[in-house]
Amino acid sequence: MSQEFSTGFPHVRQVQNLIRDKQSVEIKLLTGDLISGRILWQDPQCICLETDDQRKHQIWKQAIGFIKY
Amino acid sequence: MSQEFSTGFPHVRQVQNLIRDKQSVEIKLLTGDLISGRILWQDPQCICLETDDQRKHQIWKQAIGFIKY
Amino acid sequence: MSQEFSTGFPHVRQVQNLIRDKQSVEIKLLTGDLISGRILWQDPQCICLETDDQRKHQIWKQAIGFIKY
Amino acid sequence: MSQEFSTGFPHVRQVQNLIRDKQSVEIKLLTGDLISGRILWQDPQCICLETDDQRKHQIWKQAIGFIKY
Amino acid sequence: MSQEFSTGFPHVRQVQNLIRDKQSVEIKLLTGDLISGRILWQDPQCICLETDDQRKHQIWKQAIGFIKY
Amino acid sequence: MSQEFSTGFPHVRQVQNLIRDKQSVEIKLLTGDLISGRILWQDPQCICLETDDQRKHQIWKQAIGFIKY
């Protein structure tokens, strides 16, 4: 997976843009949860989302259905 | 997965055709969601779907059940 | 996965037979959907099923529970 | 996965024994289905189960919760 | 995955201890099933659990949520 | 996956911090379970969570939706 974690890929670059712009997003998970917040960081395995109550959700990418923005 | 992301494979080429033709599709996700729209781009991990309200859904391929067209 | 996509494996060969014989099958997905139709093509990632209304379902193999025939 | 598909592993050998002995088993899938029958063959990706009505279920291993015997 | 199946990893060693001690465990699966019993063996792909009625459940690790002990 | 299990990655380092600080966390699983407790250890495949009743949950990372902290 490391080889595919490069800003050369749109899916990585888009998330980097969302982090830079502190844009509000919704993330739908395979658990059925829909979580709203801002993305703080990403790495090859996880995305960290901070919700309005300032709790951090370290989300495994394997569990993501989609990010809506 | 990179090795398998080539237009030599029908599953990649078909999605490229759907992008080129701006064709309406439905995507059924493992979350149970059925989302309608047009595909903007794909890369080895994700497909980006724009819905009629011009919101973008960056969908992880791991979460796709099927694309109907 | 490429290495395992060869007609030397029964699971690939059986699907090739189903395509050749235009046999009706049912595919049960992890989404809970049960879809009936004929398989048009397969590649290492996907199987394309045409339903009676001539709509195509490009199904990701990762989402398949079973094919019944 | 090929490297791990060898009769040196108990999980492969046990399924080979079930095939040889034509033993009745129950397979629970991530779809929630519980299917009863006899295993006809296995390969690195799939297990084929024949139910009492002589229909074949080509089950993807990724979708198996457990085999009960 | 083979490279990660070594008693140098806590997750493998703990299961080996549970086998050696014939300890009762509960395994929660992605199917929603919660199965109680004793672990007979593990290999890189599966864990075999014997329930009180002496039925064996060959569980695929991919389907395990957690083991409780 | 081994290559990606290094404290150079935020997702690994954050969990190491949670272990060191004995911080209470909630883990949401793909089974739908939400489990609260403290993380005792992690390795490339699993995270071990101790709940208040001192039961250990050896959680497979594949089954994690998110860790909330």
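Labels for the chains are A, B, C, D, E and F, by order of writing; each one numbers its residues from 1.
Here is the rule we use: contacts are C-beta pairs under 8 Å (C-beta built on N, C-alpha and C of every residue); 3 or more make two chains touch, one makes a residue touch a chain.
Keep in mind that what you see is a predicted model, and the values were worked out from it rather than measured.
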Each chain counted as touching chain C and chain E at once: D
Chains touching both chain D and chain E, listed by label: none
Same vs different contact residues, chain A with chain B, by half of numbers used: different
Cα-centroid distance, chain E relative to chain F, in whole angstrom: 18
Distance from the mean Cα position of chain D to that of chain A, given in whole angstrom: 37
For chain A, residues contacting two or more additional chains: 29-30, 32, 62
Touch-based graph of the chains, sorted into line, ring, star, complete or other: ring
Starting from chain A, with chain B taken as the next chain, the full ring order: A, B, C, D, E, F
Chain E to chain F touching residues, read off their complex: 3-4, 9-11, 14-15, 28-30, 32, 61-62, 64-69
Contact set on chain A toward chain F in their complex: 1-2, 29-33, 35, 41, 43-46, 48, 55-60, 62-63
